[in-house]
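Just below sit the structures, each encoded as structure tokens.
Below, chain A partners chain B and then partners chain C, in two separate complexes.
Up next, the complex of A and B:
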């Protein structure tokens, strides 16, 4: 700290346990946090430009490559948008299978984040390797959950990372009935593990900090939002996916190659487990709702640290739903419905594990993609993450740099930020004088 | 010679991605060994999620893991690491734990008490990980020797009898 002007700058040059690469800069002036900047330096990933000129059928496989941990989310938002553009109606058994695949991704992603990335923060370990020495059974439970999610992805998607079986109109190939039945026992065990997860994380100590977030999530009749729904917010927004652009915008900031999502009125907002849960608590199934109640979580949760409990509750929901889908599924005659190209624009919104994921495609008459827009959850959450840090870090300024850095990292990890998903676009402006 | 107890599980695990040039090395070595090893040795072609490796190692008495590595060594260089006691050097540093690397996966297994009593890692220095490309010539040239070396390490009696 500078003795003369009370200025202190904390830099976390490499943020561990988040996907991709990022750094964080907090500037303190006169004893107060002046600014927090989440600085992303992973090279931007130009997926939107890469899609231009490609056929619509390629979009699910190209966009799946944006993220290794939530490829299904990208596939699902892509096919939903393109199917809307091409006026394709997806039969209920195909939709059910897609939701099952998505449940697998939630189980895999939440299992990974809760146990290997987030829990070490609460228990005072550098990471999962150190935590595993003292909490062997818990880490084994987390790995087993992740493996079960992987298994769902392999059965339905052809492989556990970057699945290849989703197509516009349905799937390339349906899983055999016996392959689906083989998922039942692991999913039953995963559901028990998920309940145990909620009990375990509910016992952690949480900082007493709540924020007045503007929650934004999907909402659908009679179901917890995963693969479809209208966009709703805690301030009363209620729109279909095709009106996303009217209310939300991405803007470039100097310190990051990832765009920042905001409402058009400039307000930041929050997507992800806290928003989904708080806007859809009444749509949880009884088992997950009971788990929330037993964990002492009310119908709305505004403490970002408690997002680890919400992820546990969503694990319960995803396992429960996956089992019900398998039990009730009736095999359709064909794995996909016919799709015909036409000139149109389509919009898709689904709930990635980290939150709302919006895709928009403009298609030419021959089915080639003229324009694509992809707004990932971490882009939308970045202004909120920075605001959290600006507020919370004021209480930590008495700490030495190392423990302060650790607190800040934990605050960022509350959002399970997928930085590699967020750095997907860069507008290039060349001044040629 | 590996003196495993009767009935003890021995594993060979090849890691990698067969569509990424030299990254296929571990998978190809595992496949080549499949028909050459005694029946008590289980051979896995692991995927590209090292976190899954922790589960595969569970209950094994001994394991041999083969993977391609990027690094300073000349392409095709084979290196043997005994990780039974000491950690694998961080050959590929990563800040992304969503993509848990092999060194981290092995250390997680060690912390969980799931690392086999004997655990050997063979790496093949790679030259080219480009999607869709074949093995580079130096890596392709190195693999038959590595297969023989592993076969001898896992079943020395059969190999010496075959040589006689």
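Up next, the complex of A and C:
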């Protein structure tokens, strides 16, 4: 309806450049944003329910299918939780190989998001293929980076999507030394490309949007958080993975098939690159830290638009670490340690490219899964994404519908939301009255 | 340009899925930009917010039908598509989410969502071909990159794609891979599963778990005793068939047979 009385509805019916299906609706009343809803209509697939009665050994392959973009994250949180339940100790070289696999997924996923999904917003293109007409070299650099991430995944896991090599206790088969060595040159080039990425995106224009987020991420001694750590937050939480449930809950809302994650006190919080970076800046390696400094990023970053720079910095870190792991790796005698079933509950938390991914499994004596709980990063970020829009969109209300719609979409894409994940779980709708 | 652009229109559609099969297209890093030159990407929300109206020359459909709305949506997409190809186990067999079709899984929604009443979910997850005619089904969970490129190239050239219908077992032989069942007693669905992965799991010292679904006329009955000889009890055999292609008829029937007998 008319904007003269300050009411308006903006809708994005199908949000593009996100993984999965969602819409957005923003209602404006009296010239102010009254409500922003991230409407997730992706049909739910009920993973937790269909895990019941399956054997623990099947969980890594089944949960991988929640998300084609970050299957390794699911495999890693699943094996960590189950190994905790079964009191399995993973030897350091196996853990190193898992971290290497995870670095591959970070490189692939961040490469995809920075270049194909997010950069087109900053440069004003509908998508990366359109952007490639004017910025072919940049898009090619992104594809190359992504490809190197995929190469790490195929070397260690057999294929890029739903790798087949991860098992509870370790791997099915260790990669040959020569296969690992073949990754070195592409990873060196990827590290250079990652540094170039940081320089490129640091030159984009960023709106002045800062928020006082409650950051939540993993933290581990002497390393940047990827595959393990304690859960910490900017307000001082510090807990092991097995106490996640005491502090965080998921609740259902009518406008979404994804559950919303909140702190038990009702506060929303933020997981993902900004949170990881801001809580672990001192744990970045020198190369990544220097890249951050050169890009003008302080030790804490509260502007979600700048998450594209942080992803670039994490690309540098992941390439650097992957190279170090390959260089230092000592081949273990066996690809996996033995595992015996027992009745127990286990908890796992790892850092998916989009943020904290929590799994909990209760196992029966025969090794079957009695109960499973999976909390993906996008569910946890949904309330924060809505809050961002409610706050930021007020400054954009003098825009016409189409540019306003694009701005709002971009604000959502800052989070690289993975809707397939969240509906175990987007369209923008702006209601101006 | 608009009106004069004669390049074929490619559309990518998503139903209940993990996005992995459409991501396979973006994972064609070496070919993506050339593809973007050769076709007009008319609908591919994961990659672009740009959209062109139908009709589309080739529609790739990922995911299974699990809601009433999607029953209507796929019919609409079919009407706008000259050729429609389904990609992946979700679209060709209902996917892992088709486990809900089996007895003994009541109230799935209630186990995940506190208020299942808000959801528009059907009791079953069904393949696209159960709802509309499909020109070609590309198997896999996920699909294979090379096969996807072959399918796109073939359809744009107006020929049938060359995708083998033989088993993973044959792929092992072709690759000179020792049989994991014979050599290590590892249970393997390779003898009854369609090729396409390049014998991936056997190459990683594990048994095939059926990502590509049943091959043409699979002899599942005769695989029962080798699987049992590898130490699988009936329940384990049922679970082996009931994963990403659980509702593909040959796998479904074999799982029922093992449950019954």
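For this structure, a couple of remarks:
As a working rule, the second predicted complex is superposed on the first by the 420 of 433 C-alpha atoms of A that agree within 3 Å, B and C clash if a C-alpha of one lies under 4 Å from a C-alpha of the other, contacts with A are read in each partner's own complex, and residues count from 1 in each chain.
One rule holds in what follows: contacts are C-beta pairs under 8 Å (C-beta built on N, C-alpha and C of every residue); 3 or more make two chains touch, one makes a residue touch a chain.
Keep in mind the model is a prediction, meaning the values are calculated, not measured.
Clashing of chain B with chain C is the outcome of superposition onto chain A.
Look at A:197: by the touch rule set out above, it reaches neither chain B nor chain C. In the superposition on chain A, contact is made by A:164 with chain C only, not with chain B.
In the superposed model, A:317 makes contact with neither chain B nor chain C.
Set side by side, chain B and chain C differ in how many residues of chain A they touch, and the one touching more is C. When the two structures are aligned on the shared chain, A:379 is found in touch with neither chain B nor chain C. In the superposition on chain A, contact of A:55 is made with chain C only, not with chain B. Applying the stated contact rule after C-alpha superposition, one finds that A:69 touches each of chain B and chain C.
In the superposition on chain A, A:116 makes contact with both chain B and chain C.
Of the two partner chains, chain C is the only one touched by A:172; chain B is not. Chain A residues in contact with chain B (one complex) as well as with chain C (other complex) are 14-21, 68-69, 112, 116, 127-130, 132, 136, 139-140, 143-144, 146-147, 150, 159-161, 420. Interface residues of chain B, counted against chain A in their complex, comprise 47-49, 51-52, 54-55, 95-100, 104, 107-108, 111-113. Only residues 14-21, 68-69, 112, 116-117, 127-133, 136, 139-140, 143-144, 146-147, 150, 159-161, 418, 420 of chain A touch chain B when the two sit together in their complex.
Residues of chain A that touch chain C in their complex: 14-21, 42-50, 52, 54-55, 58, 61-62, 65-69, 71, 112, 116, 120, 126-130, 132, 136, 139-140, 143-144, 146-147, 150, 158-162, 164-165, 167, 172-173, 251-252, 254, 257, 259, 335, 406, 409, 420, 424. On the side of chain C, the complex with chain A involves touching residues 14-24, 26-27, 29-30, 32-33, 36, 41, 44-50, 66-67, 70, 95-97, 99-100, 105, 108-109, 111-115, 118-121, 125, 141-142, 197, 200-201, 203-206, 209, 211, 236, 239, 243-244.
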